[in-house]
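The same chain A turns up in both complexes below, where it pairs with chain B and then with chain C.
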Partner chain A sequence: MAKILDKQRYRCAMAAMQSVQAIDRAIPVLHSGPGCAQKLANSSGSSGYFSPNIFPCTSINEKDVVFGGVNKLRTTIENALKVIDADLYVVMTGCIPEIVGDNTEEIVEEFADAEKPVIYASTAGFKGNNYKGHEQVVDAIIEGLLEKSDEKTDGLVNIWADVPYQNEFWLGNLRELEKLVAELGLIPNTIFGYGRGIENIYKIPKAQFNLLVSPWVGLKNVKKMEKKLGIPYLHYPTLPIGAFETSKFLRTVGEFAGVDKNKVERLIEEKEKYYYYYIERFADLFLETRVMSKQFSVVSDAQYALGITKFLVNDVGLFPARQFIVDDTPREFRKSIKEYFEELNYGIKAEAVFETDGYKIHEEIKKHDYTGYPLILGSYWEKAVAEETNGHFLSVSWPCNERLIMNSFYVGYDGGLKLIEDIYSVAKTRFN
Partner chain B sequence: MSYKIAVASSDGANIDLTFGEAFEFTVYEAEGTDYKVLEKRKYELPDNAVPRTNTICSDKASCRDDCGNGRGCSGAVFPKVEIISDCRCVVCKKIGYKVQKQLEKLAIISFDIDCTVEEALNKITVYIQKTDTHRSLRGIAKA
Partner chain C sequence: MAINLDNSNIGTRENRLGSITGYVGSVSDITTQSECGTLRGCGRCFSQSSSCLSGCALSQLGGIRDVAVIHHGPSGCSCTATTQYQTTKQVAKKRGVVNNSVYIGTDMDENDTIFGAADKLHDIILEVNRRYKPKAIFVSSSCTSGIIGEDIDSVVEEVRAEVDVPVIAAHCEGFKSRIWATGFDISDHAVVSGIVKPPKEKRNTINFKNFYESARPEIIEMFKNFDLEPVFLYANATVEELEHMSEAAATTCICGVLGNYLGNALEEKYGVPYIRTINQSGIAGFETWLREIGRVTDRSDKIEKYIAEQRAIYIPQIEEVKKELKGLRAVLGMGPGYTFEVSRVLNELGIEVVWALAWHYDKKYENNDVPPTMEYLLKNNIDFEISVSDQQNYEVMNILNRFKPDLYLSRHPGSTVWAIKQGVPALYVADEYMIFGYKHTLEFAKTILNTIRNRSFEQNLAKRVKLPYTDWWYDQDLGEFLQEGKANG
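Up next, the complex of A and B:
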């Protein structure tokens, strides 16, 4: 049967060059055909010290397929080291060199003694999408840069959460998670975004534990670090948005890290007071049931679909319709993720569907009776179906074409308030 | 089906001439992964061209003689391209951008590679056989 081009919700594994770009002063060196960095051309917030337009690339062609492209790769790395002032060079392979069998790893090993670290991440497109690619990049860092450390820093916690650039709120969320962890009296360590970089990478082995806030992306990495670096990990699958989940998050992290229970409870009490002060002030609006939808659907990756579903049920009091997970979640994680969606308060269960076919998702949304205006949180692609179904629409996942997201975030108590603000700002336009 | 490959080599063993330097191409006939020499094709300079004084293009002035010599040339198809226009591909040490484009228009693959004729032809014939029979190129660079 003929297939048509579908709405793009993620890119190939090699787009994980964004994860490299998210590390301050790190640059991807591409062993691929010309134009493989072009897929990042429409990303939001990707200019700066290094932008995809200047990523060194072997630009291999037919000749390199026939005769192999390793010599070109060697000179490209050599010259990248000469002309680009970076702290970390991550060689990434596209599909062509991996199909024809270029031994990229061997070439990268030749640069083991280079002044700056050169590491290799295998990111051929046929290996999966950029969620997988992100894992490959972190894997390459663990493999190529980190050694087990006997020296540990008390209270140091490595935090892993959103996939940079793919999750539009990645940096704001990461910073807010840092703040929450710091308020527990721990020392957060992250490698992505402004003011972090290679120094923080070298701190990873000294951490007391890894904190992974994600349903599945990165699980492979923390397991690897447990094995190679001897760092235990805490897997917290739900992105904590709003009071209910964030308090639970603080309790879980506090308990795992051995923080005094009373201290955690005091912190939560103070935070919740602050949070509910705002909720109470606007309670008249929230209790006006004609404004807000009764049921909602999230069309996003597992990270946001789960985080937002929990928030909208547990904190906002909406009822979940079907939730659509569009990140092509690997099969081995699907069962446990489905179960996370069933652990909602008041005995409510949400049905999560793993679907990458935009047409099918939109047909299901159109078919479902939302008993009023549907509330659709998705990507730009869901705008049309929201209009068709006369729904409230907020774009939260990639591609987020009509919003500019710089440092805002949905994580934590403040993040929850921000998401309520955003949703009600949309809903209120209908009545004003 | 057999096809022809033009090779720029001064000694018949190594690919040691650039496209501009080559005034003679050895044309091989290939079928599957077998190949043999078919003929030699000479390229004569046009009558109005200033003869070259040296074969290597180090002296800029001497390069204004004909096309396909590294200085580029606009307009019609280079005469040198015409003499190999029935070949499936051309193999030489280096090749200029404009000539490459002209070859591309004629669906001739150009390979600029510094190795022995044998190595080049072995690899090229395997590649062409695989693509013609729609077989995977997996691991081709390792062979």
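Up next, the complex of A and C:
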């Protein structure tokens, strides 16, 4: 049911047009109102080979609402194929055609023999937010482009993690995950960002397994691939940030892939030595920065809230106050996600709450005693509540306004160091 | 067309002003055809995405100080709340005020499209009122709530009995107009019908419709010379200031498209004169505008004195820069309120306009006159090729490829980058005061010079990127996808 969306943390399903945009030379073709794309492109790094101004759009008008817009959709797809130089056309529906009952799928099927693949993803805004929309896009790829393959590439691993453009560090994180997997001697395969694209999409069925690094987004997709393509999956719910979680991640993936245990341990030993070289040099800063207290809250989607909480507790030794998950996590995943937050060192349990009402979150933060300056990692919305509570504020989740992220990442050993850099760059602006 | 403040809904620009979004021709042709009423726009059988009128309407209303906007739709409709919040905070901080306006969504889901969510909307309005104590509440529909027939007028009517501040409906179904500027009219209509009060006394204020008041301090200083006080609208304006708009000495605006409805409505309902001139950009624009304010407010002597003083400072400097601009060729792509005004200034600076795109075109303004800039261009024999296109980027690229100008000027986010990818230097005319008066006209001229003198950035990028359009498209005529007789396609 309709609910108060006070301090928006997500967009509607059609914002997953940016998951398409994240695939090299893939373009969304929108069957929607004229301005949906401009609104939904509310994120940075969008002027690549295709930008939202390039996305073909049926720009539905009053007449189409009454009489249906399928003819316009047909000419839009036809001409998109002529005008736009793309490798993949993903037709996406907004709210209007799905309410008035346009049979979009039927029109898309007319293009089955087109020179380039044209597929369909149902992404009406009222059907869910862009986390679900992202799953719809991946689903459309599995449905429309992939067939089971008897031929397998040894060691090939498909990696799925952040939601492009919604998680601001999506590309940097994905690249770092690729590197970690490659260091285990495996061959990473991803479809998003520079130099990947449709060629990698077609490699998906040949993989040894799917690696999903996310608490819930994408689970539906890897399960579908297991069923349709016969690819097993490893679900690693925590985004690995810093030494503790990254080493655990390497062990888990290594074991699943059958990598020699000694090789994995040697890799971890070297990585941890490298990581702790830095931690040792800066440990005095961590202990002696007067304004850093022990308690923190993360206000983010399940992906970052979990990853960052684990890092700050298990690596940095901070203590979790309440953690706020704002991605409207489907009910069926909530119990297991709450449990992930309770598996911390020294039996520490973080309380995770699922809340999409930003007002209530801010009231909770204001009420809690952080025993010193609160450390708040959230989105731009938390800037004000951090000011009000005299807290330290770091913007890590959408909307990340007033912060520019190009290729930075928080994943892995280096990612952990980067997150420490960012937190202390804030803390160091104050003496006491 | 008479303004009807009794109905919360207003007609689109297409219906009220005969506005169009598809046309290829020239300034003289479109103006002559507008005057004699023969102008017909075209539709398109292929479009790229453009903008939603709700963005224009609700960003205007949401900029007012300490109000609440409630957007009744799925989460995507209200996601611009995030940038709205940032802009609001930043422009308030610059001015040294606090703006606690909020922009709330209702996150409609599939059940709501079947069963409706009017009751929920009712509760949400009350909850927002309880949380933030806004000075006014604007309740907007969306495509989804509009199509399922959610009656926001009735909800607003009910809530009015329970809330002691104005609660006003704004009908923002995105599909009803291809012209996002219709959203400006929706916001003005909401303000004039729901907030403005009948005058009690005359004031020496000028209602100054703009976007983000970047030139506020200098304009206040300037108006002190004339014993007038500008009240900037709507960003940072208080509800109290809006209530008194009917008492102003005049209404003016930075952009005819932005201010047309407000100016005409205040004139028609409350007799506040609306300054209908070419806008303040460039020398002729600034002087024509000032003189009209002088005439309307009976301050011509003071205005002439100011003009003479300022001319002495700036005209020689502008003449100096003009020497270096001579011979440059430009293409523009902006809303009609700017593209023709900026073309006029480029002409004044000695730059040849080889093509101007207008994102839409208003055949006639609310008072039934052709937009003043068009008349000005026609009268002064300034003619060039133009097209009307709702930000259809592929058409812009086709034109740039054909003319290979020295400069592309645009005012809308996401458009300049495409020019530079094609190797054309681009200037983003974002700030509405970028060419305001003598001082900023001089700055603008110098900025053009700086832009074309260092082409490193665009050359570096253009060399390395592939363009997204096929060769086939570059070989087509601009009007390939235009369909006559389908103006609203």
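Quick notes
Keep in mind that, in the parts below, the second predicted complex is superposed on the first by the 421 of 432 C-alpha atoms of A that agree within 3 Å, B and C clash if a C-alpha of one lies under 4 Å from a C-alpha of the other, contacts with A are read in each partner's own complex, and residues count from 1 in each chain.
Here is the rule we go by: contacts are C-beta pairs under 8 Å (C-beta built on N, C-alpha and C of every residue); 3 or more make two chains touch, one makes a residue touch a chain.
Small disclaimer: the values here were computed from a predicted structure and weren't measured.
Judged by the touch definition given at the top, the superposed model places A:S425 against neither chain B nor chain C. When the two complexes are superposed, the chain touching more residues of chain A, out of chain B and chain C, is C.
Contacts of A:N390 after superposition: neither chain B nor chain C is touched.
Of the two partner chains placed by the overlay, neither chain B nor chain C lies in contact with A:T371.
When the shared chain is aligned, chain B and chain C each come close enough to touch A:E62. Of the two partner chains, chain B is the only one that A:D102 touches; chain C does not reach it. In the superposition on chain A, A:N345 contacts neither chain B nor chain C. Touch criterion not met for A:S336: it reaches neither chain B nor chain C.
Chain A residues 62-65, 99-100 lie at the interface with chain B in one structure and with chain C in the other. Put simply, chain B touches chain A in their complex at residues 109, 111-113, 115, 120, 123-124, 127, 136-142. The part of chain C that touches chain A in the complex is made up of residues 45-55, 72-83, 85-86, 102, 104-113, 117, 120-121, 124, 127-128, 131, 142-144, 147-148, 174-176, 178, 180, 390-391, 393-394, 414-415, 417-418, 465-470, 472-473, 481, 488-489. Per the touch definition, chain A reaches chain C in the complex via residues 1-8, 10-15, 27, 30, 32-42, 46-47, 49-65, 72, 75-76, 79-80, 82-86, 94-96, 99-100, 124-130, 356, 359, 379-381, 398-399, 401-402. Contact residues of chain A toward chain B in the complex are 62-70, 97, 99-103.
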